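My questions will all concern the structure given below.
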Amino acid sequence: MIEIRFHGRGGQGAVKGSDLLAMAAFREGKQVQAFPFFGVERRGAPVTAYTRISDDVIRIHCFIYEPDVLVVLDPGLMSAVPLTDGLKPGGTIVINTTLDKSAFPVTGIPDVKIATVDCSSIALRYGLGTPEAPIVNTTILGAVARATGVVSIDSVADAIRERIPNKPDLNAQAARDAYDRLHG
Amino acid sequence: MKPKIRKDGTVAVEKTGDLPDMPVSMGSMKSNKTASWRSIRPVIVEARCKRCMICWKVCPEPAIRPGDPPVVDLDYCKGCGICIAECPFDAIDSEKEGK
Amino acid sequence: MNAAETTGKRPFRLTLPEEEILSPGHLACQGCGAAMAMRYALKALGRNTILSIPACCWAVIDGPFPYSAAGVPVFHCAFETAASTAAGITHALSRLGREDVTTVAWAGDGGTFDIGLQALSGAAERNDNIIYVVYDNEAYMNTGIQRSSATPHGAWTTTTPTLQFKKGPKKNIMEIMVAHSIPYAATANIAYPEDLVKKLRKAQSIRGMRFLHVYAPCPTGWKHAPGLTVKIARMATECNVFPIYEVEEGVYTLNRRNPTPVPVAEYLKMQGRFHHLREEDVQFIQSRVDRDWQRLIKLEQAFGKAAGT
Amino acid sequence: MKKVLTGNFAAAYAAVAARVQVISAYPITPQTTIVEILSELVARGELAADFIKVESEHSALAACIGAQAAGARTFTATSAQGLALMHELIHWTGRARLPIVLANVNRAMAPGWSIWADATDAVSERDTGWMQIYCEDNQEVFDSILMAYRIGEREGVLLPTLVNLDAFFLSHTSQVVDLYDAERIDAFLPPYRPAVKLDVADPRSFGALTSPDYYYEFSFKIQKAHEAAAQAITETGKEFGTLFGRSYGLTEAYRCEDAEVVLVTYGTIAGTAKVAADRLRNRGVRAGVLKIRYFRPFPAEDVVRILGRVKAAGVVDRAVSYGQAGPFYTETRSVLPGAGPALTGFIAGLGGRDVSVADLESMFLQLREGKPSPLVWIGVKP
């Protein structure tokens, strides 16, 4: 079982992102589970969401304490919250940032793989959100597919087209763009 | 649910098995004669009765049948006296019960 | 066999439908206005009627298990749910293709003016297809005469003893219902059964929430002889304590005007519940009755058919 | 057809699959998406039902009662404060023997305001005559609602059912749910045809004044109905397995055959407890889980049969009966013979506090210490 934890801010679509990742994995025949950290969500406030992907029935129903993958929709959160707590050795962090991965040193966890991509710019190019608040949840899933291999980019694009009612094709194309541009 | 109705109209529900699943009525309140509630008895005086049927109209039970003259059903009349009070022709006498 | 039966002609005429749906043997007190109201209502509406009846006198009048006096299906529901239970019934009937059946919520003043007001307001706002009838005996009579918000100023009840009788006006339930913009609201009085039957039949011909406020004296709670029920009820309208009128789609119609209204004192003195009132209390009540009547006249002038819009 | 759905969507789609005819519900977090999706499906004509958008939960259940009594299959959903507001009518439904199905999203009671998981809301409705199911996952939510209609409408049962799903851990969690196909569901659940209903052709009064001469017997009949329900649940659960590939019973025993320690629990905690049992078995601890599906009728036979074999057992309650202990603990305790296993009552997860695999492992290990206690609060701050 692969456990993925999303970190974003209210309005960026982290919860929907965790759901779309589960949908993509489901399209590949996996058992899935996706759920938000059940806070009283307000725009701008830090948001956490979870995705579990497995070949077998998923029985566990608690938060993810030792994730295999972290997906960070807002780089500011890397320093604002204790985000890497519990990340498994050899785990992966996918970050939406204009910076190089060297800007995000992780200490205390061996063999962490960091992947960065400027999802905000990509999302804006496809008209997703506004310059003040780009919606990056679909875009970053392309990067997750590339960096982790848990799902294919085709499944991600299909899930987006199935579940996003507004601009489905542009969202899917943004994800493909991020997939292609990933600096891993 | 087939209730056993006695000759007097009352419903025979003696065993648990006779009962429906919830309290659903199986008979009419008509089996409940209310004559014993009465301390006065309305007596329609045919000679004075103009067949206006107001007594029939105002009876809350109903215990008066329209007719020529109307008939008080003494099985049910509770003796409220509305018919006596409302009769425009003073054609209903009030008699004390059990005198 | 009398002459009428042999000729097939009857030497009398009935002003109400003859069929009795309500059966005698019910458990209403002697001279009960609420029993009369039901008898007339069923005559008007016929056998294709289903009632929801909450806690109120009628929860007892209908009779105990395994009996019923109503003659039509009755769902005995929780105190505050006459309207919401009826809403469920009418939606089920509609879904099951029984548009020919009339759903009636039948509640007392406590279940309508007080505890059931929220559910009634909800059903009215949704315009659920029910006829809601409140038979108003101006207090919680089934529990033994406690004040409700339908109890009029000056009245004694067991919770408004004579030393501290009910102060303040009766809640104007009609105005509350009219404010919901329902298609039909009317007052009626058991002393005018032909009018009551006519209004229920009119209500039956309309879809949506229809509301009838029916005046129904209670000899036990009002402390009058049971034989005087109809007289007192009639006098309530004749002295303008209980005007009878209709509001159809916001249009007011006064059904009865009294050229020389009976003084309210005449009405009050017939009932033990008002015997403690002093002369100035009676005058105060008279002034409020006059004021409310004038208000109603103005409503008719402003929003009646003659107003012309 | 399989879909990825939240528990709330699974509940709504189950109502659609059951072809309910009247819905009446009022929104409350975290149940709200159930009423939203049903509003949408009714508006689109995908469900041929009347949706009465009432002004309170009290009216929601009142309307369902009226509709069900008039012969329609009805559905409602609520949570916590809403369930508590319905309480009077919860009793009404049970005593009226109306097989209404209510999806309740288990949420904590205020104050302080909490929208998070806690079963105290539902457990408080214990004595109302309703059947109560607690679901472990979204498939079970869907399946349980379908079975609840079939079982509840059965002659001799005629009982309403509270189908419980944990706030957020199911209500807002997406999982794979098989929605089956409509033909098979229709064959499993025929249209609702009550033997007695509000019918102008057969006028009767329902629920009239009932004297002590009869009230007692009506109560006795509700008890008998629960006994009949226990049988119906077992039979229907097996039949469901034959038709749809998933069998259900009053309980589910997980790795209990050779267990030395067993945790009795319900809802989503049961699933996490299974994972904890698996991990402990890898470390040589023979752990098992007894999931209670039905709180009412209470599965006394299953509990006695399975716990009778083990040395020590614990009951994990995400609910509490103040002044006593966990409600499932006291129920379990009450049916075990004096010589039964040493039994410990754990309180965990109230108000949405997460119950982790590590928490459950610690409970299993505590059972092995042989010091049973009726009331252990897991993770309470010192």
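Order as written gives the chain letters A, B, C and D; numbering starts at 1 within each chain.
Following the convention adopted for this analysis, a residue touches a chain if its C-beta (ideal position, glycine included) is under 8 Å from a C-beta of that chain, and two chains touch if they have at least 3 such contacts.
On a predicted model such as this, the values are computed, not experimentally measured, just so you know.
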| item | value |
| --- | --- |
| Chain pair with the most C-beta contacts | C-D |
| CA centroid of chain A to CA centroid of chain C, Å | 65 |
| Inter-chain centre distance, chain A versus chain B - centres from mean C-alpha coordinates, in Å | 80 |
| Euclidean distance of C-alpha centroids - chain A vs chain D, Å | 34 |
| Length of the line joining the C-alpha centres of chain B and chain C, rounded to whole Å | 23 |
| Interface hub residues of chain D, defined as touching at least two other chains | 204-208, 210, 214 |
| Residues of chain B engaged with two or more neighbouring chains | 13, 23-26 |
| Residue numbers of chain A (touch at least two other chains) | none |
| Graph class of chain-chain contacts, one of line, ring, star, complete, other | other |
| Pairwise chain contacts under the document criterion | A-D, B-C, B-D, C-D |
| Contact set on chain C toward chain D in their complex | 47-50, 52, 59-60, 62-68, 70-78, 80-81, 83-89, 91-96, 101, 118-119, 121-122, 125-126, 128 |
| Partner chain D, residues of chain A touching it in the complex | 19, 22-23, 26, 31-36, 38, 40, 58-63, 65 |
| Complex contact set, residues of chain C against chain B | 2-4, 10-16, 18, 20, 22-28, 30-33, 35-36, 39, 62-63, 65-69, 71, 74, 193, 219, 225-231 |
| Complex contact set, residues of chain D against chain B | 95-97, 158, 195-196, 204-208, 210, 214, 217-218, 220-221, 225 |
| Footprint of chain C on chain B - complex, ascending | 3, 11, 13, 23-34, 37, 51-53, 56-58, 60-63, 66-68, 73, 75-76, 78-82, 84-86 |
